[in-house]
Amino acid sequence: MAKMWINMGPQHPMTHGLWNLRVEVDGETITDAEPVIGYLHRGWEKMVEDRHYPQIIPMADRLCYGSSFTWSHVYCLAAEDLMGVEVPERAKYIRVMSDELQRIGSHLMWLAAIGPDLGNLTIFLYAMRERELFMDLFQSLCGARMTYNFPRIGGVRNDAPPNWERDLVRTLDYFEKRMDEYEDLVDRNSVFRMRMVDLAPLSAKDAINLGVTGPSLRGSGVKYDVRHNDPYEIYDELDWHMCVRDEGDVYARYRVRMDEMRMSVQIVRECLKKMPKSGPIRVKPPRTAPVGTGMARMEDPRGESLMYIIGDGTDKPFRLKVRSPFFVTLSASPVMLRSYKVADVPSIMGMLDVCMGETDR
Amino acid sequence: MYLDLWQLLAGLVHWLMVDIIGPIFGWLSFHGIEGWLTRPETLYFITVILVVLIVFVVGMLVSITLIWQERKMLGRFMDRRGTQTGPIGLFQNFADALKTLQKEIIVPANADKLIYNAAPVIIIGTSLFLMATIPYSEGFYASDSDLSLILTFAIFSIVPFGVLLGGWASNNKYTLIGGMRAAAQLISYEIPMLLSVVSVVILAGSLSLNDIVWYQQAHIWLFIPLIIGFIVFLIAMVAEVERIPFDLPEAEAELVEGWGTEYGGLRFGLIMMSEYARGFIGSALATLLFLGGWDGPFKGIVPDGLWFLAKVFIVFGIFIWMRAALPRVRTDQILAIGWKKLLPLAVVNIFIAILFKTAGWF
Amino acid sequence: MEETVTYTIDQVKSKIASAFPTEVKFEDKVRPRRLFMSANKDALLKLCTMLKDELGFDHCSCVSGVDRCDRFQSVYHICSCSSNITLEIVVDLPHDNPEVDSVTPLWGGANWHEREAFDMFGIIYKGHPRLERLLLPADYTFFPMRKDCETGRK
Amino acid sequence: MDLSAYPHAVAMSAKEFVDWSTNVMDDIARSSGAKRTLDKVAGPLFNWGMRNAIYPLHFGIACCALEMAAASGPRFDTERYGMVFRSSPRQCDVLLVNGWVTNKLRPALRRLYEEMPDPKWVVAMGECAISGGPWYDSYNVVQGVDTFIPVDIYIPGCPPRPEAMIDGFLRLHQKIKVSKLGGFMDD
């Protein structure tokens, strides 16, 4: 067959969102690739210039619906940096715990998505089953399944409901057992390993130069985690370690995410132990922001997220720039895709954890 | 205990024609018609039509039940309930069929219309044709040729041709790649499959499916001596009927719906149907060749056909289990498995069969 | 990985100040692990080359465009994985001719950020491998993030 | 001789003959009441089949796509209602618009709708698809999917829960039932 360009998307089972991957194939081998994005672009950054500071929190939730908490969190961090607000201790713990729960939920969504990518629907359903448990936890904490509107500038909206911690511990216990089940299903399955090992390796140098962050970067052996390198909230007081693999291939990225889920469980357990039992959960932020800039970085489930706010003394931000991790990771995807097979496209792209809402903004 | 379909229907037709309808025409003084109706050729013709009809209906019912089995079993493997339409979800397939009947028929504007329309006919026709060669029990079959095994596999391997034609004629890049994959995969898995069947033929000494089952009834179920061949046959059969982990031609993740992307409505429904019909034929062949066909304990009480169907459902259950547990392999890997693993194993299996035959153990 | 040299904020600051005495101005805002500065647009590429090659700033986190009404700004957030420092470099660009050197040859991660800034503000990054519309349809004629671009239902 | 009474006596092309015979058969079926009877008997059956085998398009746009995925998960399991997500629009009945539609997406979505065979339905899931939702002042978001394709069912919520989505589909069942689709008296 001659070379031809194939449009994978906007409607394609591989996309997990809405984008278009143009691949040039020679028979079954990919010779070039070009992601086309912007199908979800709604002008988020322009719209928030017309919103008051607290009104942006629910908008930030809808940046990435897979991990909405982390996005409203990073927005609150940036706004607090701009306004100079100090968050109470208990609120920090609640935020970190929610962050980690959201990370598990998001990674479960990713795990669910790679199942059909690799051709197995069972993982999808197993991961969705456990994701519901974490959604239930969020539901009792925030009242919503996906878009929480929970953090506030200067704290969180409400305290944990009674018995929430008990439910949390139960869920985590149950979930750890289920993690073993996933590893039985995937890691000990030679066909899965056949599809993932030695696929699309990315060297540490390339990965960091291309701006790849998060689990995909740590899968390439770079020890870089914003929670560790630039700790926010209370991460420097907690006892945890980064999950790094050296291989750099798809399997390493998979392993890093699976390890991160276990690590998140450990962090949540530790938070539960160290959390002050009572105390204020919110301070009142000023209505208007001072003239100046605020910036916050944090470790989103997909990588490093960054928000950069410019305040002009009014109650609306002058400019709010979002650095979305998958946006940059996606720009690196042609490097990973070249010289592999068409059948590898879903596994390589799915392993990067696609979220288009934050990418297109 | 078995039902001799041919004898039963021949008797029925004879009674109906010679004793009831014929005399009625005779009483009406249409003696020509009576004479024509009671001729043995007419009786045989009607019998053949009835037999084919019954075998076809039974085959389709079994295929539909396989779809239901897949949906329910897959649901259970995946920790959910599966379809619920009708009692325990049995009517879901009928709903699907009735729906596809009502859908608009779309032929893509740039498709090669003749071939686009002909490809499903080839696929569905050959899949249904296969039902004629499968014996359900000693007397329940549509045809019992001496060469039924060869006939079966010959028809079985026409489908990739139709898939390739359909994929090409749809004028879509996904279907083209899917069709190419189908051709490459099915051709390369034909060889290990046929080689593993050759070992059965060597031991049984016949090319008739009925004879092979009789041989197994008399001696031993062939999967015991030829376990390697059985495994090779099962794996190759999974590839032949395009099921996960070898469903590359319709790999949903990268090629939207594979070679059938452009087929909608009734054609889509019939293609789905024919896939499960092929699944049924595949499991039936595994049953007949290796698992003793309709052989089973309690021969006096349980009808033969039930043993056969039970084994078919068990073999298909293995296919479903594979689907629930395994992901899809890649194009290069599937060819590597076929040529580098299955082919040598199949050859080894033939040597084992020859060894057994010359040693005279079976 | 090869041996990693770590720098403190003061070391980074003094090195930059000695190499670029006039082009780079530091701001007096103090945050842990952060360094704020503004640079002349002509010195940007040299500054970035030095940052990458000598000081080990290997990760370009973000490139943002800002419309300050009278001028454009291109804001770079550059991190060092080994020293754990985040730099914020603000580059002022004239409103009528917003052109600046691209840092994509240095950090591949800046590629789409610069394309997005071009898409939204019309800032031209010289030396960018492919400066085209990224998020918006290719036939749009306006730059929506500019402050003078009225959009939406007000 | 009035040939119109004996149309078969006139030389006809094959197509004309087929048309003519179809019309004659249709007239006979209609005047004898056979068609009405068939409608009474088979219509509900076909309608039942249509209702219980709705295949939505596997097309995730935004937030609601995750709830769509959750609805097909073990807890909600839309396959109980015969809903199977298919990836090819040729094999689908329902276009589930689960998110905001941007100007860049609009032609693609319109084309997906055109590619689906009749009878087809459109379900707008979530505020964004219904009216633009939180992006009401965006320069790039189409304010409601019903501005360019006909929508049958609206499922409000931001995002709607999976129960709400299933409820929407059950309402679609009702809509199909009331529409008497599947009968032969379609004219």
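Think of it as A, B, C and D in the order they're written, each chain with its own count starting at 1.
Just so it is clear, contacts are C-beta pairs under 8 Å (C-beta built on N, C-alpha and C of every residue); 3 or more make two chains touch, one makes a residue touch a chain.
This structure is a prediction, so every number in the text was calculated from the model and none was measured.
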Original post:
Which chain has its C-alpha centroid at the greatest distance from the C-alpha centroid of subunit C?
Top reply: B
Subject >> Chain at the geometric heart of the assembly (C-alpha centres) >> reply: A
Original post:
How many angstrom lie between the CA centroids of subunit B and subunit D, rounded to a whole number?
Top reply: 33
Original post:
Taking each chain's centre as its mean C-alpha position, how far apart are subunit A and subunit C in Å?
Top reply: 24
**OP:** Please work out the Cα centroid separation of subunit B and subunit C, and write it as a whole number of Å.
**Re:** 65
Original post:
Using the average of all C-alpha atoms in each chain as its centre, how far is it in Å between subunit C and subunit D?
Top reply: 50
**OP:** Spell out, as numbers or ranges, the residues of subunit B touching 2 or more other chains.
**Re:** 78-80, 252, 256
Original post:
Listing for subunit C: what residues touch at least two other chains?
Top reply: 136-137, 144, 151-152, 154
Original post:
Which residue numbers or ranges of subunit D touch two or more of the other chains?
Top reply: 73-74, 87, 89, 104, 137-140
**OP:** Identify every two-chain combination in which the chains touch.
**Re:** A-B, A-C, A-D, B-D, C-D
Original post:
In the complex formed with subunit D, which residues of subunit B make contact?
Top reply: 71, 75, 78-85, 91-92, 94-106, 252, 256-257, 260-265, 268
Subject >> Parts of subunit C lying in touch with subunit D, wherever the complex brings them together >> reply: 136-137, 144, 151-154
Original post:
Can you list the subunit A residues touching subunit B in their complex?
Top reply: 1, 4, 6, 8, 12-14, 25, 28, 115-122, 125-126, 129, 185, 189, 191-192, 194-195, 341-346
Subject >> Contact footprint of subunit B on subunit D as seen in their complex >> reply: 45-46, 48-54, 73-74, 77, 79-82, 86-91, 93, 115-119, 181-182
Original post:
In their complex, what parts of subunit D are in touch with subunit C?
Top reply: 103-104, 136-140
